[in-house]
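The following pair of complexes shares a single chain, chain A, combined with chain B in the former and chain C in the latter.
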Partner chain A sequence: MNAHIRNEGDWVGASVNRKEDRRLTTGQGQYFADKKIPGTLHLVFVRSQQAHARIVSINTDAARALKGVVAVVTGADIRTQIKGLPQPVVVPSFAANYPDFWPLAVDKVKFHGEPVAAVIARDRYVAEDAAALVEIVYDPLPVVTDMEAALAEGAPIVHDGWASNEMFAMNYTGGGTPESEAAHARKVDEALAAAAVVIRRRFRVHRCGVTPLEPRGAMATWDDDGLTAWITTQRPHIDRLALSDVLEIPSDKVRVIAPRDQGGAFGVKAPFYREPILVCHMARVLGRPVRWLETREEHLMSVSQERDQIHNIEIGADASGRIVALRDNAIADNGDGCEGVYWGFVMPFFGAAVLTNAYDIPLCDIRIRVACTNKAVLSPARSFGAFAARFALDRAIDLLARELKIDPADVRRRNLIAELPYTTATGVHHDSGDYAKVFDHLTTLVDLKGFRAEQARSRAEGRHIGIGFSVGAELSGVSSAVLVSMENQPGFGAATVRVDPRGKVQVFEGDAPQGQGHETSMAQVVAQEFGIHPADVSLTTGDTGTTPFGSGTIGARGGSYTVSAVANACRALKSKMATVLLHDLKVEGVPSDVSFRDGRVFLTADPTQGKNFAALAERIVMAPLGLPAGMQAGLDQTEFFEADVPMLTFGAHAAIVEVDPETGIFKILRYVASDDFGTVINPIVVAGQVHGGVVQGLSNTMFEEFVYDENGQQLTATLENYKIANAADMINIESHHEAGSACPHTPLGSRGLGEGIPGPVPAALTNAVCDALAPFGIEVNRLPLRPNTIWRLLQDKAASKG
Partner chain B sequence: MKRAITITVNGQEHEEMVENRLLLVDFLRDVINLTGTHVGCSFEGVCGACTVHLDGVPVKSCLMLAVQADGRSITTVEGLAKNGVLSILQQSFTEHHALQCGYCTSGILMNATEFLQSNPSPSEDEIRASLIGNICRCTGYVHIVAAIKTAAQRLAATRLEVAK
Partner chain C sequence: MMNIEGTHCIAASREVVWAALNDPAALCAFIPGCESIEAHGPNDMAAVVVVKVGPVRARFTGRVKLACVDPPNSYTIVGEGQGGIAGHAKGEAKVRLVSNAAGTVLTYVVTSQVGGKLAQLGLRLIEGTARKLAGEFFARFAARLEPKASAAPREPNGESPVSAR
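And then the complex of A and B:
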């Protein structure tokens, strides 16, 4: 199906207004905090004020004595009551050091903000009063907040009993034995030595993340049915299994419900965190509903922190700019590493694995070391692990181009993967598409030739404008082949489609969207398949009691895997309905002889012979007499979609900026994205994903930064200090997908998108600033990119020229 | 310490005994159960999700106590649609896909509703400047700006109709 040509009744490809938006614009959304159960107790965490310290004593007497307080618990209380982590369902299939931890600190605290105790009271105000009365005596320990210092000999050890702070290390390309790794490294050394030009640089990307506007929360009840938990989560089915294991409750007695409306997540709500464990445990202990509603301060202290990587990169190229070899020694700062599913290190692991995505660089030596420090654990953020890696590589390519005096766009294009499918040196499968075409479309959109002429004119007038490019080949869902090793979970997309006797369609999805518009996109697909209206389709998500098992709304699975399961389920039901129609009409034929259109099911060859969609559904469900031999009644279908190969989504970005070299202040003049999204289901929704993803990337690059002082005190735990881009900081982002083509691996030709959008942003913007300032010869190789850092580099350059 | 207060919300009078320290946003959400007003920051007034109108003026309801609103009139996002018909701005938001998760939307609608009254034909820069008290994490603001622009044009057309 061509995404850009639409016929009457074609819902796939139409900018349908979202079904969600009436309730969300009238204040009728049902977010986590809106769900209330009478008699609910409120839990408030007491969090560590120290970054690294022994817990000498905790005095809870004053807190307990406060009127309205029901319970106060500490790590010492709960460590014997529940199992700690790790538990297998939330541990990836990688060799790593996995720290033991409980929902509350046991013996010592490891970062500023770690939960140490919890107060449960009749309301939140009282619980907060009591939390302030909990007295904790600490014996401070030496603090380590720098990843390289943490890996050095003699560093303070974050986790008791560990020989070093190294949590995870990997050599992606060496063959797995010391001998093969040494031989491979020599090969890369030789290629670099023989290269016409070699770029060696250190790239540093700061700690920042995606910070959804709705914080986290958990509420639990305990009764004869067991545990029911409402959790702000992207993975309700995984949370259910993990809670069952940690709390030792049979899984059939655990139901997890992700609220229908979630206020953004972008990865942050995907891990299995400590706080919901304690909420569920306390609901069981107290036999009353217990709720925890995260404050923004808690959120910024303990989650939403990602990136934080160093890439030491060497790339060698021939005189034309064709890269012949690459080496990356990457390091990541994992914080304390205590978090189910990801353990912090899975993001930098993945970032280094996808370092060369989209580029044809067969000879690579790529390694990573991940350190624990006295900071909050890394939690996933859109452009999962890849944000820092993409910055490093796409900056390095610009530096290479500058060295060779070739336009960076040409060097970039020369190194793009030309023939697909392709597997990178780290084993990442690139499935299909035409990357060069999508990139060329971008250079046309920005009129690169015209821009260069304008740039020359502007420079003559003393104005400094610049253009920067970057690319990405990002997740389009995550296949089981990848996800089982990475997260010990299946990657399939799952959906149940039910046609009811009135011709209305219910769809059940085990994932848990957070603003992506699944209710609308899935309805469009169902409407397209059955020839009905999207208004006649409803979607239920996130409830483990009613939906098929799915690993969660992660990695751009919606538009790739989940929607494919929906389409396949519809097709199976259509085949059944068509078979019954042919049988009832006593017509010889096959299901493909039957059309579904305009609310009717009919013979394509003779449209007068047919039935209303609703009437045929009623006949099959309510009057299952005289069905074809062997056919069961009912119109429910569950499908599990697994693509034949892992898929990626390619995109290319360009930023155009003007920089004032006197101050370092820069202005973004244009930001353009050209992507291959395959068949687009809803263009306006897709554009929204691109706009939002790019602005998150820009905000990360320019504004956001988690700052820890030398004592490990987190200084950015409010939105006053953790600055997020507002409307006046930004411009209109331009999104284009017309250079794309249908994906051959999904039933609709669609690809997943959204997850990886921020990835190319930091390099595109930084390349643009450096291009604008090319006459000054400065290099920006660390983020954040701010006027003061640009100004400082300009000053240093001027000083060195003396 | 509790106090009796009377607050009119979306035209309906509410008499309640509340703690002096109860925040206005908690009064709206927890006492009278209007949960369309959201909380996204630590009561620091940065995110704007809790914006409501106090006697017609946008305020951040996390920065006020309920007792400070005694005797005053409040409009929340639940009060924008009339008889089930979306306001021109709400309608424009749905048509432009100006929201994704919707969490910031209530506050932005309240802020922009008043903004379009005080500045009926704003430039794009003015629209963007008017939004600095609201954080949206999903949309990148592009569609929000477009929706407000369209609403301004439609409101102008409506005023022209009325004038005729």
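And then the complex of A and C:
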């Protein structure tokens, strides 16, 4: 299948403007904050100002006395009214220490920003004023904000009753028993000892994440139908089950609706958070609608924080640069770990699991320890858990190449997985494609040979330019095989397709996209299948009352799983419509004898014999007389798509920079990505995913950083202190997917993309900076990458030489 | 954690300076934004102080204790306050008095920690404010104790603590 040759009327592969963009760019988006119900009460959280402290007392009298205040609740009030977490529906299948928690702190606070009390009032102003009147007396406890200190003997313990702060630990490759692990470690020791070159380094990636335009929010009503909750979420169906279990409301009495527009999510809206639980509970208690809209400050204090990992890497290679063994002792800082579904540690777990990336590394010893600290819990961010791991390994490979005096691009190319399918040492399945071809396309796009010549000329002139490479084999959807163990949820994509009697098509998707362009991509696929126009297709998402069950918009599921469910549902309906047409025409044949094109359904062999698409739909739905024997009426089809194997999407990135060694200031001259997206449904949507993902990766690498002081005070809860890249900081990002190949495991040959795009960014950029400064011999092994850190390394290097 | 150090020469004897440093009413008059200081026992006081840092205006209530008291040479004044939704602060100031020909040389070393919204404002704002407040304190202190100065405390430049209330 070649995705780049289109016939008239072919919608898959067409650069159709996004259906979403008109409303989003003209102020007509319907965000969570736009949803209002008369008589709604407003909930405001009182959040801890201490990082770790016993709650001695909470005086709510003054807050309650304020006119307009309806209720003030504390952890002590609600712990007897609702179940706490963990609850099985939002707990992974991993053995770990799962902390008990309620929506409001009970007995003690564990991070700066933890909800301690909530005020519900007639309007937001009153609620905010009353929140300021809640008097909390704390007895401060010793604070631990460093992951290695948290794991050391004698550290302050974050969770009462725990023997240590270790929440989760895993040896991925050792075989599961102390003896097998020791034997395996010896084997890796021996391989490293025999290697021609070994690199041992510590790589540190700071705490940073994703920041959607609209923060979180929840609004709930309670009536005879039960609970209806509007929640900014990527997984309405999971939230529904979790709310049912926690609040002990029968699931048929719970409906969750994710707003169609949420201003992005990028992972941060995927967990089952504590705040919506309280909103829903209070709506039931008070019998009135209750609404909470998060402030930016709350958002930056309590969620959107990811990465925060240390990777202690040992990697050995032979003289040709072929990697023979890899060891990683990884550590992650999980914050307090209190969060449904992910519990903070699932991201670093996954990052270490996919550490080997797209490289064929025969022998691995990979372990991780995840520590609880007095910080906010890690919440998922695009390049889920992998951002830090990608940085560590692709930096280490550059260091190997330098040691061997081989071009880093050649060392990378030499170690890419050559034959697919392939399963890594940690069990990650690489399904299909040609990684080397995609990588070679990248080195052609940047004219690597020409660049090296230019680099030599520039150096002679005193200019320091450099190029850096990295790769990413990222999720293309998450199969049940992976997701059941990781998050206790199914991986299938779910969609209902309904053809109405006017020939219009409604699609119902169980996930909750927040900017991925599903309204456009899904419509293109439906239009392609039925031979109609995408304008005749509408999409409904995120409402558990109307859509089939799905686990949510995560892990690049749209282009892999969801769209496949849509395509299969269309094909089932086409088969039915074709069968009726043949039956009505009294023609012997099979459905594949019938074509759908230009709004008509007709015999391929004789196009004059056929019917308008709308007329045929009307005949089947509205006049179900004389249908083929045994056929049901109606044109509704629900499909659950599960690929036969877990799938990945491969991409390779290159950054070209110029660095001023006097100041450390660097400029990105080019950023080029070569990806395998399989059959591309809409190049505009694909380019948008690449641009957005690279920008987020660059912003994380260069600007964003959550800072906690030694007392656990979070100092970066405003966008003044937490700097995010803006348009002026960025350059044109070159996105290419010509070297891709159709995925053999999806009906359209499409691959999911977008989730993993930021992953290769930090290594590409850092490798480029280090390449530019190769004559100075500096190494950047920790992020963020900023001019002052580069300048400091250059100064230190000069001092050590002097 | 923030550190501020300073030295002031005061044209008054060490005993006079020491007495003022131990008089809650006098301290209240000198501390910018101080609404009240009440003695709760020897070397133990309760204070209410209004502080404005950038956009945040907070009324801190807290305890002030004196430690390492070595009259009339030095003491350490330790304070801790809650500013409600604005945050919390704690700190200590080591104050040392040395006589010289002109009167008394007062040196101080302040270390302080802030938390909550105050901390999130960024230390650059807080440090500037703390320096300004320390400067105001000693300007008033010197003005009150120096016999040649007018009886009323000088208002410092900028926003006076009275109008800040």
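Going forward, the second predicted complex is superposed on the first by the 801 of 802 C-alpha atoms of A that agree within 3 Å, B and C clash if a C-alpha of one lies under 4 Å from a C-alpha of the other, contacts with A are read in each partner's own complex, and residues count from 1 in each chain.
What we mean here is this: a contact is a pair of C-beta atoms (placed from the backbone, for glycine too) under 8 Å apart; a residue touches a chain by one contact, two chains touch by 3 or more.
Keep in mind it's a predicted model, so treat the numbers as computed, not measured.
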Tell me which partner A:684 touches in the superposition: chain B (first), chain C (second), both or neither. first
May I ask you to decide whether A:87 touches chain B, chain C, both, or neither, giving the answer as first, second, both or neither? neither
Which of chain B and chain C A:297 touches, first, second, both or neither: both
Taking the superposition as given, does A:33 touch the first partner, chain B, the second, chain C, both, or neither? first
Output check: A:741 vs chain B and chain C. Expected answer is one of first, second, both, neither. What do you get? neither
Looking at A:710, would you say it contacts chain B, chain C, both, or neither? Reply first, second, both or neither. second
Quick one: is A:718 in contact with chain B, with chain C, with both, or with neither? Answer first, second, both or neither. both
Which superposed partner A:264 touches (first chain B, second chain C, both, neither): first
Can you tell me whether chain B or chain C touches more residues on chain A? B
Can you list the residues of chain A that meet both chain B and chain C? 297, 718, 720
In the complex formed with chain B, which residues of chain A make contact? 15, 17-18, 20-22, 24-29, 31, 33-34, 36, 125, 210-215, 261-264, 266, 295-297, 514-517, 684-685, 687-688, 690-696, 718-720, 724, 726-728, 730, 732-733
Please name which positions on chain C make contact with chain A in the complex. 1, 84-85, 87-88, 113-117, 119-120, 122-123
Flag every residue of chain A that touches chain C in the complex, lowest number first. 49-50, 112, 131-133, 135, 297, 709-711, 713-718, 720-721
Using the touch rule from the top, collect the residues of chain B that touch chain A in their complex. 19, 21-22, 29, 33-42, 44, 46-47, 49, 76-78, 80-81, 86, 90, 93-97, 99-106, 109, 125, 127-129, 131-132, 134-145
